[in-house]
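One chain, chain A, appears in both complexes that follow, with chain B as partner in the first and chain C in the second.
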Partner chain A sequence: MTAPLPRPPRVPGRILDARLHLLDRQVLDVDGEPVTTVDDLELGDLQFGERPRSAAPTITALISGPILTTRLFGGRAPRGRLGRIGWEVVAGIDIVLTLGIPGGGLEVSWFEGWLGEHVIGRIPGGRHDPD
Partner chain B sequence: MKAVLGLALGVLTAIGGFVDIGDLVTSSVVGSRFGLTLVWVIVVGVVGICLFAQMSGRVAAVSGRATFEIIRERLGARVGFANLAASFLINLMTLTAEVGGIALSLQLASGLQPVLWIPVAAIAVWLVIWRVKFSVLENVTGLLGLALVVFAVAVFLLHPDWAALGSQLALRPPPQSSESAVTYWYFAIALFGSAMTPYEVFFFSSGAIEEHWTPKDLGQSRVNVLVGFPLGGLLSISIAVTAAVVLLPQMIAVTSLSQVLLPVAQAGGTIAVIIALLGFVAATFGAALETTLSSGYSLAQYFGWSWGKFRRPAQAARFHLTMIIGLLIGLGVLLTGADPVQITEYSVVFSAIALPLTYLPILIVANDHEYMGDRVNGRLTNLLGLVFLVIILIASIAAIPLMILSAAGS
Partner chain C sequence: MILTELLALPVLDAAGTRLGIVTDVRFAVDPDSLEATLQGFLIGRRDHSVFLGYERKSETAPALIARFLRWRERGTFLILLDDVRSIEPDGVRLRETYTRYSPALP
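Take a look at the complex of A and B:
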């Protein structure tokens, strides 16, 4: 007989598992439009790859974009801009994460915006309202 | 009255939309080589696709999440990405086969070289996706696909020896058929893959989001699936029967789309051939639309892009760009002169290999209260789901060894 696992301490409030409830979840903006998927999390006062020293690091941002390659293949974080969405604009956490702001102006939306403006929107009918 | 019409339309669309180039080719090949000894696989495959299409539709209607969002959430970024890569490539292969199928059908109808029809087919598919309303594109191709009923009619016009067909159904191979056990099981997997092709589930669950389904629409969708898909499966079986009756005794093993038509020509002459060709064009065109959309759906859902035909194209720019690139790749492959029928034969086997990647996450999420509230799977659905998961796993694992041992069924 193995000893039963110790029960986790009771905490007031809801427990979120970063892997289970945050990573790889869809992010919608305030109007319900898809923005991105959570590719990684930025933890305050921790550098990339560093192990937490203090007991409880805090989440400061959702990250998306090229950082995904480090989760797929390992290796170093790509240089350049990280698609950062500050934790302060996250309004809801359910089976999707909801932001309290429109997604259009965010860093992670620039390619979608550029492509819509300069390529897809230029094709006749590209700005046509769906029926 | 309107409700009845809606129901009938849904069912008819599901019947006509069930058959694609994979079913056309594989059913006919199998009928011409094995008689009806593999028909049981179509039945098993139809039960499987009913089960999982319905499950993915329910998950989409209740949680608002389409299949690839779920795959990534449940399997994580890395395994989800491997899944995406495999599913996307196989879908691209199916897309290529369907566009090639449109071109071959138009060639049979017109006599003009398929190389002329390939660009026409690809551009037509893109134009329809670009401008035609989702419900219209689904319903029109589905209804025209009903022309394939001509195969069921042909079965009766051919006055087959019913007793002989019956004994083939009971797994006694016809005397002309001299295939080895390895080849038999290889084609069993191909037929299973053609019935359960993963794109159907991507399309079905994303279509539920496109049409803004709510749990209220689930009754209608259940009827569509549970009545429409089995009747669609009967069309597949009819194709196999016509090949078994006409081609097998003459030892003609089907290797081209025109041979699929031969029994219909013998049974009903020119008119029947014209109707069947209309069915071919509708079935391949409908499936080309579905696979093209699925290529956009899967990529957009994995990366969290905005997608769907219910948005302006400029507001789902990466989704539309993915579909354009997908069609261009398919077009490029076909213009090298690759044979769409051969691409089809491989795509159905690779589909079978990839099946567990799609179906396991759906089964898990359909049992997750966080997503489904109290609409999680019932016991019977889970039991069937698990049985099918085992079948799917066996088919997936056995596919490559059988492909090597049977030299891809040759």
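Take a look at the complex of A and C:
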């Protein structure tokens, strides 16, 4: 029987594991409207190569994009097709992530806006809420 | 760098011995500013190693599932970022001396 591993030194703040607590979580805007889901995270101050002891990388953005096919078949989606929401607008982390701003103007929601304007909006009745 | 560039990277000690792969990345979130600072990497045996996180929590129910998933994720450990010497596209290399910590969440 092996000895139990020691606990890591305590650090202030809430401890989260990225895959367990952040990835695939829904993102809501300040009005509670769904914006997207968290497909990936951008880590600032972290590059490939030797790592100095002093640097403390942080999450700088939520990434969202067409990652279903790359998850199924491998590879990576081109960076240009990934949308980015700056971490500084995240206002709450719980079962869902809440933003402190409206989601309408975010680049991750442009496709939904385009679809609503050019496709759904042309269907009769597509420009108002159901009666 | 984005997170998925790190996940599933092999982890090697200073002698080049493979210890496992990066199965998750741990952050400490400041309760006021919500700044999330990278603390370390969870190292597991295989890439299936994130499923409900029983190996990191104290939950024991449902008992059969908890015991099975803990057994399946046995050997998972936490490496702090200070023990990482370099991160390369083909693997994470640790310093000469490093400490394996319990993966349990506080």
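In this text, the second predicted complex is superposed on the first by the 107 of 131 C-alpha atoms of A that agree within 3 Å, B and C clash if a C-alpha of one lies under 4 Å from a C-alpha of the other, contacts with A are read in each partner's own complex, and residues count from 1 in each chain.
Just so it is clear, contacts are C-beta pairs under 8 Å (C-beta built on N, C-alpha and C of every residue); 3 or more make two chains touch, one makes a residue touch a chain.
Model, not experiment: these values are computed from the prediction.
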Partner chain in contact with A:I95 - chain B first, chain C second, else both or neither: first
First (chain B), second (chain C), both or neither touched by A:D24: first
Touching partner for A:W87 - first (chain B), second (chain C), both, neither: second
First, second, both or neither for A:P66, with chain B first and chain C second: neither
Partner chain in contact with A:G13 - chain B first, chain C second, else both or neither: second
Which superposed partner A:E42 touches (first chain B, second chain C, both, neither): second
Touched partner set for A:G121, first chain B, second chain C, both or neither: first
Set of chain A residues, in rising order, touched by both chain B and chain C: 19, 23
Chain B - residues contacting chain A, complex: 63-65, 69, 72-73, 76-78, 80-81, 130-131, 133, 300, 302-307, 309-315, 317-318, 320-321, 370-371
Touching residues (chain side chain A, partner chain C) in the complex: 4-8, 10-20, 23, 40-43, 46-51, 53, 56-59, 63, 76, 87, 90-93
Touching residues (chain side chain C, partner chain A) in the complex: 1-7, 23-31, 34-40, 42, 50, 53, 56, 77-78, 80-82, 84-89, 99-106
Of all residues in chain A, those that touch chain B in their complex: 19, 23-27, 33-37, 39, 64, 68, 71-72, 95-96, 111-112, 115-117, 119-121, 123, 125-131
